[in-house]
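Chain nomenclature is as follows: A, B, C and D, assigned in order of appearance, with residue numbering initiated at 1 for each chain independently.
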């Protein structure tokens, strides 16, 4: 067989581990050929690819990023791919495609699968918000980076009797904020899933100071928003790439807390350090297993699926399940974490 | 309510996180009192304990070890505990006990439960070999430490064209070797679950050298053993504490490989660094959830159980399930890892 | 003897290591008594202090922050201290004071010394900009944190063909930017010591893209400023605490580069994670040696001095030397780093 | 100019950083050509080398090991090199050689320099025992790895009321033991420079237990030896490579302490993890500066020298100075560390 592999969407620790594992299993295990498309679906459309043998993936297991590059695909080009998938497959000689990516990539994969392309997706997101799988690789690394930051910030907060507001990634789902907040022992956690009342945060900090704990750490997801009327909140300026820039919720909340508390509050916006660099052991194992099982799925013709973690097993679930809704933090996980506001 | 908590058995990153979480949930959530017994079951028997309030567990989330201490319990004293549990409970005023520990501790807990003591266990082992739960806290930290070591050893192995043999923990189950071997990209993995053929390892190394990869890393569990007749193997001397000392399988295998290959092979015995120190974010979250749910189980009278991870949920399973058999690495996980010998 | 110790100014990894070392050397080595003033000079003025024995400093070597707390002192209260130092010494019974702090603290120490108080200062700053010592503790940790961040950001930059702008600490001296930029292999480094030309950065990035390296990382000190006319630059709004908030140079530069290059550029503002948390081994050793030698200086009556690293030796230099000028990055270090703009 | 570079001797974090820096400075700074000899002096003798341009050293700054490989050289082949250096230079076209290595390599470099070869050495050792330079790269990384291990072991020691004996590298000089022992807060430190009395260690542990600190950590250099008559000590078996195997001082001391104290004592032999893997920021900066200055020395004809750190400056000192004696831990540093036995 000849299998194509590509990575698309945002950077995520573990991408290279999946690529390596696909090559190991396909080439060494089945005697397949593997080719890697460059810069995501673009490489498929433009015929930019290179053969991947064992040497090509040597030493990449622990490296962040993706040796294949990644790029966003415009919608019309995706349609082009769907319409010409047969020709594209023929031209590149592939019998199956393994796209590694997030929600957008899996949606594209589903489209290609729906028109007949033999596709097995591998879900990828540091946000852990893809449906149908217990976890995604990259998430553990992101939580680890955020937790280490909170650990560091706590000592400063305590020494200076300050409030620290740490903004972590998560536009629509608050998994990183939830787990790094729990792991770091944050006193307040704010998630996109539940609008927060600033008053409650103020009260929590004041109660801490009152019983002699003269500092607090709040961990807030970038997508968290205050409850209606809870604090002044206008949408920031939108840049040419569609992002609301430099006026994130972390900065705003720190400013608001400082004003209301009359105590120093400092924001820290972790940003892209959460999504790059060497993956944790957990993510390397999960990514490696995903790659291995994606090749197995290809060989048993289990197309239109994506790999998934279900308990301790790697399974496959329909791509349709993966993209049908975002997996957000359920109420009971918030309840259990106690410090979610 | 008044809840007793104790930690028993070997050190394990996350013990303090469980203790803290039990106190937070019980005291802040339910208005309970919590007391901590010192040095495991000994503290229960000898009446050595101290009250644990929120301040007592402040700042311990990220700390390794256990603030309560831990100690092995002789079998006859355990019988003593079982016979007098009612009096012991009365003397200390506890309505329920949360013992945090490994197989031995859970077996003891089951004994106490069988005679009527209200017990909810929390499983603990860096080895990940307790039945009935997907994972135990401490395991992720151990795998992380071992993986970082393999990462480091690989560069030396490569620069010096050497074979490195890394011995990791795991007397009866090879989970740490399996996952750190996968995460570190070890070329050979040896587990207690499957006797290894030295010839196969020799062949693997020679094939690597033949295709220009002039180094290899073997990750071996301390409990792994060569197949009958595969290499000279006599049991080492046993010290006063019952351990086979200084002649572990890592040293023996490195020596044997060096002899057969005629190439330098170096053993590294990771030892106790795998079981101490600050827990990973993953382990802190799991430990915190276990503690929280143990208190909930106490409050709903769900005794004779232990907390467990089942997929993404924390559940409780009978203590009997937890101790009925060791959870070892199944065949399919070995197959999937490819480099298991 | 009875020695007072206090920590003042911003958080800095290694403060606790100094405190511990002072206590170890004074109490165990000389049979002294040590008291710790709370929240810097405030504790001295208000008579808030506590005895520090070996148990009081147990386990703090690796902990960030300061067990004594820290606070800014208003200028008029400092005068109060200088005028009443004799009475203050008498009231607290101290024979000598060891203040641990940055430029402000050392200036205050010098004032106290000038009026006759027996003072031995210990210099502290993550910025490494105190004169008279080769290095200060805290700096190595800050550089380590920043370097790890750059390592992580590089893989994302490369995978996404982006420019990453990392803003690190350093208002007046660029040591952190210089060394973390070198250690992380940043392609551009901007320091407060030398106004940068945006055009040069643009050219550097374009040349990289031209030769196939389709990403770049710029490491910029928070105090770096563009050369006159090099890019639009107005001072940001000043908050109630006198800080220019939320409009730092990192954000501005990323925005400007994106506009000029027509490529995605992302800012990451590391902020307070650089100044908290567990110190590196290097900083622990340096801090421990500083503490030890401060006590020795006290015992030989070597007052009006601060400890300093000179090559491999710990020496003392006059406080006047430490505060006479800021130690900034000299031209030749910039030249040597090559990527300084 | 055409400059040759090679790495020889044991693995050391930072080797790749030197190679990269030599290439950057020579190629980009001076328009030189650089060639890299493979496997140390062997590559020079056998004419195995490859050109090193900017792309060849891309991404290696943070990687452990050496892209050029390393190997021991037999003494007679070294003589061969000395006798034929002129021909070797001509054959490979080099105008100068930059050997990066430890004592053996620098001695060889001196021999080559003495017969007229234009050589600038770069000193390398994780042991920090080369004369004439304040520090060598690799040392900081080794100390960091050892310190993290001690941090981890301490929590286990404390939880289990045990003595932990950590054996770190250092056959002839105890720098790693000294600094990691200080940074980790070891209660006993044993160095090759001073035979230790087991009785003193026993007394220290007993005193700790007596005042309620029921654990201890001893950090011992592999080359440390007990004082005459202090404990039974016979030399272990010597293997085919000349090493005394599997019977190191760490194991012996733990065994002896256990016997004398009647308490559990556990050895941990850190081994090769100390010498591989990604270098710390400190080591990357030092290695980069060494590489840069080695090229400058070549260009100003400053041959027969090695680069050195002198305070904050990089200087050059005669190779003769670097190899005239081992830089061991002086008495005053032991005194200052307090816990050296």
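The rule is short, and it goes like this: a contact is a pair of C-beta atoms (placed from the backbone, for glycine too) under 8 Å apart; a residue touches a chain by one contact, two chains touch by 3 or more.
On a predicted model such as this, the values are computed, not experimentally measured, just so you know.
Participant: Relative to chain B, which chain has the most distant C-alpha mean position?
Facilitator: Max centre-to-centre separation from chain B belongs to C.
Participant: Report, in whole Å, the distance between the mean C-alpha point of chain C and the mean C-alpha point of chain D.
Facilitator: Centre-to-centre distance between chain C and chain D: 29 Å.
Participant: What whole-number Å value describes the gap between the mean CA coordinates of chain B and chain C?
Facilitator: Each chain reduced to its C-alpha mean, chain B and chain C end up 40 Å apart.
Participant: Just curious, how far off is chain D from chain B if you go by their C-alpha centres, in Å?
Facilitator: So the centroids are 34 Å from each other.
Participant: Which chain C residues reach two or more other chains?
Facilitator: Chain C, residues with two or more chain partners: 151.
Participant: What topology does the chain touch graph have (line, ring, star, complete, other)?
Facilitator: Shape = ring; chains linked end to end, path closes on itself.
Participant: What are all the chain pairs that meet the touch criterion?
Facilitator: Touching chain pairs, listed by label, are A-B, A-C, B-D, C-D.
Participant: Can you list the residues on chain A that touch chain C in the complex?
Facilitator: Chain A reaches chain C through residues 7, 10-11, 15, 63-66, 69-71, 145, 148-149, 151-161, 164, 239-241, 245-247, 251, 255, 258, 264, 266-273, 275-278.
Participant: Name, in rising order, each residue of chain A that touches chain B in their complex.
Facilitator: 24-25, 28-29, 58, 61-62, 134-135, 140, 143-144, 146-147, 151, 179-180, 182-185, 213, 280-282, 284-285, 288-289, 292-293, 310-312, 314, 336, 338
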